[in-house]
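After this come two complexes, each holding subunit A, first together with subunit B and then together with subunit C.
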Partner chain A sequence: MTEPGSIKAQLMPFVMENAQSKGINQVSDDDSLTASGIIDSLGVFRLVSFLEETFAVRIGDEEIVNDNFESVRTIEKFVAAKLAAKGEKAATR
Partner chain B sequence: MDFAWSEEQQAFRREVIRFAQQELNENLIERDLHEEFSWDAWRKCAKFGIQGLPIPQEYGGGDADMLTTVCGLEALGYGCRDNGLIFSINAHMWTSEIPILKFGTEAQKKKYLPKLVSGEWVGLHAMTEPMSGSDAFSLLSRAERKGDRYVINGSKTFITNAQNAEVIIVFANLDPEKGAAGITAFILDKDTPGFTISKKLHKMGLRTSPMAELSFVDCEVPVENLLGKEGGGQTIFTVSMEWERICIMASHLGAMQRMLETSVKYAKERRQFGQAIGNFPPISTKIADMDIRLETARLVLYKAAWLKSQGKHALREGSIAKAYVADACIQQALDAIQIHGGYGYMTEYQIERELRDAISGKIYSGTTEIQKKIIAGFHGLSDVPSAAPARREQG
Partner chain C sequence: MKHSEPDFEVGIIGGGPAGSSMAAYLAKAGINCVVFEREIMPRPHVGESLVPSSTRVFKELNFLPKMEEAKFPHKFGAAWTAASDAKVYDMDFGGVSADCHVDVRFEERDQPGVAQNYTYHVDRGKFDLMLLQHASGFGAKVYEGVGVTGVDFTDPNHAAVKYSIGKKEMSTTCRVVVDASGRKTLVGNQLKWRIQDPVFDQYAIHTWFDGYDRRVMAKRKETMGDFIFIHFLPITNTWVWQIPITDTVTSIGVVTQKKNFAKSKESREKYFWECIKSRPELYEGLKAQGSQQIRAFKDEGDYSYAMRQLAGDRVVLVGDAGRFVDPIFSTGVSIALNCSRFAHKDIIGALESGDFRREAFNTYESTIRRGTRNWYNFITVYYRLNVLFTAFVQDPRYRLDVLKLLQGDVYDDAEPAVLTRMRSIVTEVEKNPKHSLHGFLGDLTANAFAEAHSD
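Let's look at the complex of A and B:
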């Protein structure tokens, strides 16, 4: 069950609409988004824009790697780490 | 919004123009005719700091932000008439230095960047193949892991800097079953057995920039020469193209200004029917159009550069700038030739070369059609998933 307002809850509509446009109706947390073609090279940049705008984080060029965007789970983990780092930065100001 | 360059950037701009005008334009008509790359000019640019502009100081670079880099490259495009040299420099910076800087290991950065920045080594990337141009990720080159090495086989075409390069970033598919997700980047040294420059290519424009086809036959590279991660080639390529499309077009802005000024001067000096031709509306209107074109081209390109300087992504804006400036530069050259009449068509006046050079802007780094495909993709059109909203204005 996805918690409303969670990272995953905000992420899934984006992922599912991309998946459905490729004829894929179900995406599990560990499915490879790149190997399945749900996210291609341009799609990664659109995903990055989506994450930057939705979660107010900055994603550097060097962070755009498969490890971070391979699956729903890795994206969720990556965003959580970005938000935590952002929180720590704000707390130290 | 701040549309002004800082005092430091203005001083830098003036210095680049002075350097370029004094040092980089020798024997250009002859060199263009004979397709001669100028090593002397290349080394002078490196010594001045052009090749290392955006690279951190710890690797010998100038640590310039994106806007300052664009400022410098625009000035270079204005002062240096050798558009081929500028093209080679840009290919070197955005397709070898930036991928290594952004995705390389610390050992790779230390090994390659200082020599690429100093100009001692020339870099390139090998992506395009005979059967994969605009559809770049359908490439047929293959890589296979064998123990502590990768073995690369394939052929590449339209490779800028090929004859001069020491460092080759080659893209090959390590896992074809994954499709484009198998594309991987490797750093290859030019002396690797099995690597050859198979055929020199001749071009309509940018003739002082070398280009060739490359062949890779059982080329073995050690695992430490993997750039980024296995399957990370698509992203590396796209990131480097985002940089290249913005920065390479900055030099076109400089060339466009040069063509405008040359045309204004000629329109004031050339007399027909008893007066300067610039007094005739068909000419003065053309001059005004050239000015409008330059100004608007600057705006779209500076916007993309500004986004990058803010640490934001600008794939869409870079594609807009690339498509717009490429068209604008060609029209600028056509107008300049028309204003100069028969003289503009003559090699001696060095305007016809501007047109030949400008046309390539619609082709390299992704054709104008591909830029529009990318832009449409951000609106959920084309073959790109339609989920995301059109990118909001950033700022």
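Let's look at the complex of A and C:
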């Protein structure tokens, strides 16, 4: 389990870096990252690698869907769920 | 009654790289062989950039010193560029990501059996002549200006290669025929083995420029001038090759889908320039003072086919006569040379055993099928979900495995792990409309790998 708010804290620098490279200086939690171009097609791969490395989770190809990757809020939820699943697995071992 | 001896052990149709490397391998091994070339060499030909797997063949044939003497531009790597203007998304950009500039250097990965970290770009007129002369130097007989019309397989004791000289119909008998007739696919047509590719229908138009400054499109100008460049255009499935021919001469070609070309209803030349204009830096570079077009435009159709079989009784198909897909990874000459590298062993084996049935060429057929299937799948991934290629090249976990494919080392594995991984991603993205990359699928076909296995 992670501290409340810590996922977003780690995620935001990555999102902002991508946003700024596209000339966008503000991103709110529900902004669509794909529609705004902050995350483009190559960005999807970079985001997946970033999340896998940062949170030590494994993301399946089938999980790379808009429902999970649409906005900061959905990514945060997705990562929290992944971490919770991982925690449960570790606890039952 | 004893049958008369055939005129030659092996008759080779075509004196391009496939035919002449085959002749060189066989003649070097002391086998009496003949090459029938319909043109008088040298003659211009498309397919000017090689990949490093060619080096093994040059080495085995003692041809490397001649490649160096000829001063062909050394090819140290490859670069892919896309229009940086974000507006390209407004046009029909297919599966290509706008920020996809990538480049690779061959030296990043050592290749077993290859001691140099570069390959070559060649003037095919000069290169093909040199290789044919090299074969002749080993003792292969070469007939130039002799267009083969067919092969007679009816006699159980030999095959007869048919051609006409003037009005006279002639034939030459041999134990084994090698079809190296290129995209003419002489034996494949005759035996009805040819299958049109269900996915690709590519078409090219190309020419040479003298004085074009190749560096205008390079990220690192001092080191990348002699790379091959693939420039993406904001037109679906369309790209431009930029290949150095000499210090000052550059080959430029537009590859597109035939339907794009037909749709335009423009003259071919006009279409070429329209495509080039979609990359303004390239257009300006080619039109700059001091740069001039020095050859007429030439176009190439029939870009995509396979053969039901690559060998039959007394016959082996090599190079483009066996298969052709799309030149995006500069595979043509290298596949041709490697066909000879593998096939000559089976041919020598058949001559030794006296068994000329298709089975005698099994090792060749399965090796080259494996290799070309890997190429084909790699090309299919590339067109279907281009960003995957870019992402994998940029990802340190996969970069060297992709480079291995780009170097032309595709013959060892049934399927390289990196290709399996790419294909499984494409399949997932295709079947799931909600996948974040679904919108980036190219329109080449609705389901890339369902149709990809014509072989």
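Just so it is clear, the second predicted complex is superposed on the first by the 88 of 93 C-alpha atoms of A that agree within 3 Å, B and C clash if a C-alpha of one lies under 4 Å from a C-alpha of the other, contacts with A are read in each partner's own complex, and residues count from 1 in each chain.
The criterion applied here is as follows: a contact is a pair of C-beta atoms (placed from the backbone, for glycine too) under 8 Å apart; a residue touches a chain by one contact, two chains touch by 3 or more.
No experiment lies behind these values; they were computed from the predicted model shown.
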{"item": "Clash or fit, subunit B versus subunit C on superposed subunit A", "value": "clash"}
{"item": "Partner chain(s) touched by A:13 [first = subunit B, second = subunit C, both, neither]", "value": "first"}
{"item": "Partner chain(s) touched by A:32 [first = subunit B, second = subunit C, both, neither]", "value": "first"}
{"item": "Touching partner for A:24 - first (subunit B), second (subunit C), both, neither", "value": "neither"}
{"item": "Winner by number of subunit A residues touched, once subunit B and subunit C are compared", "value": "B"}
{"item": "First (subunit B), second (subunit C), both or neither touched by A:57", "value": "neither"}
{"item": "Partner chain in contact with A:80 - subunit B first, subunit C second, else both or neither", "value": "neither"}
{"item": "Superposition clash, subunit B versus subunit C, among 73-81, 109-117 or 217-225", "value": "73-81"}
{"item": "Overlap of subunit C and subunit B interfaces on subunit A (superposed complexes)", "value": "34, 37, 40-42, 44-46, 49, 61-62, 64-67"}
{"item": "Of subunit C, residues touching subunit A in the complex", "value": "86, 97-100, 387, 390-391, 394-395, 424-425, 428-429, 432, 434-437, 440"}
{"item": "Subunit C contact footprint on subunit A (complex, rising order)", "value": "34, 37, 39-42, 44-46, 49, 61-62, 64-67, 69"}
{"item": "Residues of subunit A touching subunit B in the complex", "value": "13-22, 32, 34-35, 37-38, 40-50, 52-53, 58-62, 64-67"}
{"item": "Residues on subunit B engaged by subunit A in the complex (per definition of touch)", "value": "102-103, 137, 178-181, 228-229, 231-232, 234-235, 237-239, 242, 311-313, 315, 374, 377-378, 384-388, 391-392"}
